[in-house]
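Two complexes come next, and they have one chain in common, chain A, joined by chain B in the first and chain C in the second.
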Partner chain A sequence: MREGAIFVTIGFLMLAAAGAIAAVTVTSSSTITTSVTPPPVQFAAGAGSTNTRYVGDYSLSTNATSFEGTFKGRAGGDATVKNVTQIRNTMSVSQTVTLSATQVTNPRVTAFTWTVKDASTTIGTLDHKATSPILTFTIPAGMTYTMNERLKVAGGSGNNNGDSADVSATLGLSAS
Partner chain B sequence: MMRTLLVLGTGLALVGSITLSSDSATLTTTTIEPEVQMGALASGSSGGLNGSAGTASITGLVLSQTTNVLYLNNTNATGAYYAKLVVTASSGIANLPALVIGIDNGTQNAQIVGTLGSLTQTSGQYVQLLAASTNRIYVTQAVTTLALTSTITMDVYAADDTSESAYVITSLTITIQ
Partner chain C sequence: MKAPGSQSRLRKLASTRPLLAIGLVVVVGVAAAAITLTYTTTTTVTTSVTPPPVQFVAGSDSGPSALTNYVTAYAISTNKTSMTATVKGVPESTLVIGSYLQLQNVDAGAAHSVTLTTPQVSNAYVTAYTLGIYTSGNVLQDTLDLRAASPTVTFSLPASTTYYGKLTLTLATGAGADNVALTNAVTLTTV
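Up next is the complex of A and B:
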């Protein structure tokens, strides 16, 4: 009898313990680690970036997400420089790239464009004279496109058109 | 329940995409004179502003003789350029039974050719212009009917190399009457 009472008591205790466990709130935690990787789509310097007849002070930012440079137009001339800069997709999947730029309204600059090329095939042209310059295209995995610059300047009334045809503009890149 | 939540979580991860925007490239332009310039040579010719818009006028009958109408100078002191001519427009060609327009860099290089009232060659091969060199644009074998005007407008290409890795286009108009 006493053994039976002990078993019953233990049984109650186990049930009580089970009830207690059911009421416990379990808190779990996760570990989140962040790291910085290179952007999937980057600029790169092309062969034309070192052509000092047309391009000055070309330089890429540290992560190749932007560049800067001075581009020399010819008064009364229509200058084209091939492969000034490049766009590279470093990913294993294709990316949709959007180039957007500021509008150039200086009337002495009669054309200022960037033409994106896949070898000899034209992917598209960004026109700085447009109201809202924008160009969207898809770049395949691991592909590099080149960008040709064109700058056409009016003849002007001075010996070298002075500084009146100098402009500043920006060119942004986004990828998704 | 757990399995359902996991499926939902996976589905959410596949919806939408991430767009990464870079800082904007900073572009600055400056304007200089063309290094390859046209200058007046014969009477009635002009290099125009900046030497970038040449015009020339030839009056009278030209029979198998060369008329140098414009200078085509490479003003770059240290670097060669390559030049060629490409017709962009013309009028009165029927008045020209014969025509050759070319670039003379020490050797005459025909660029534009016309025979029997039509242009049979509307562009030329690149001709090297040595650094700091004086070259000429010439017209020869132009035979025209007096008092009738022929006009040929051309693009003058000045390129770094014959593959045109970089080039500048200026304009030239020659009138023959």
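Up next is the complex of A and C:
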């Protein structure tokens, strides 16, 4: 009996020792410093942003990462406003830019696009009528591209006849 | 135990030969005090160092060989127990660093419980600040939310396995170097 008790005691001691080995804890401290850097790709107002016949209330956000505006069409008209807004790469390396937008489903709006231009060369076109509007392109270091807006509205559309062509859409910008 | 009657014989001896009785008591006392055994042994304890089971590895998108305008001064300590880095967010934007850091369990024999803790980030211009912990297969294990009241995350890292951390930082309009300058100590505890 006594020997059995001794063995049990030793067993408990061994288990306690094993537990102590498993409970080894290693602790270290790292440091993350958080700061701010300017946006690498920014919007800028183009000459067309002040074309009040077709563009109203154009404004840039504080850090030029977004813009707002009201773009007016004409019933039965197909208007293109050149250089409404611009995209600038402020970095010393090229950036991959992706523009993504919400779909415009109003049938009275028959065309609504943004065409990115390098002077006279077309870089690409974002189509708001597409199911998932998206446009990806590369902008070289220090380069500025312009964006032309096209809005085509069906004939007979208006704000007072139940065939309004009013739409609200967003345009997202990401850079990497 | 004294034999029965030993005390009475000692009293009798003391009455007849007192000096002899005192001598016997002294001898017995000395004998009792002498039952003291002192061991002096030498045990050798050798102290050395073993690597911590969970170590930092540079993230593929932000390590020293991949520094960008968004991550600067990235460094990992000699024994890979800690890292330092500066993350630069962009106002009005969400910065995502796909592989900001990696945590590697170099212990081939056992999984280890890993806990990351850091003080809360309460800066109003920082609207989101997280470190997602992912497996190499891109499965999210848990997320350290630096804006939480007590940011902490605990997960088990299997033997010989590496997880990576995806950092997401969103800054609000008006954020600038003058109002977003944070330093966070991130504690890594491995059991």
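Quick note on the criterion: the second predicted complex is superposed on the first by the 136 of 176 C-alpha atoms of A that agree within 3 Å, B and C clash if a C-alpha of one lies under 4 Å from a C-alpha of the other, contacts with A are read in each partner's own complex, and residues count from 1 in each chain.
By definition in this document, contacts are C-beta pairs under 8 Å (C-beta built on N, C-alpha and C of every residue); 3 or more make two chains touch, one makes a residue touch a chain.
Bear in mind the structure is a predicted one, so any value in this text is a computation, not a measurement.
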Contacts of A:A119 with chain B and chain C, given as first, second, both or neither: neither
First (chain B), second (chain C), both or neither touched by A:V81: first
Touching partner for A:V26 - first (chain B), second (chain C), both, neither: second
First (chain B), second (chain C), both or neither touched by A:T62: second
Partner chain in contact with A:P40 - chain B first, chain C second, else both or neither: both
Which partner, chain B or chain C, touches more chain A residues: B
Touching partner for A:A169 - first (chain B), second (chain C), both, neither: first
Chain B/chain C common contact set on chain A: 39-40, 61, 65-66
Contact set on chain B toward chain A in their complex: 17-35, 48-53, 76, 79, 160, 164-171
Chain A-facing residues of chain C, complex: 52-54, 56, 69-70, 73, 77, 81-93, 118, 121, 126, 129, 169, 171, 173-177, 180-191
Touch list for chain A against partner chain B, complex: 39-41, 43, 47-48, 51, 53-54, 56, 61, 65-83, 85, 108-109, 112, 151, 153, 155-157, 159-176
For the chain A and chain C complex, residues of the former touching the latter: 23-40, 61-63, 65-66, 91
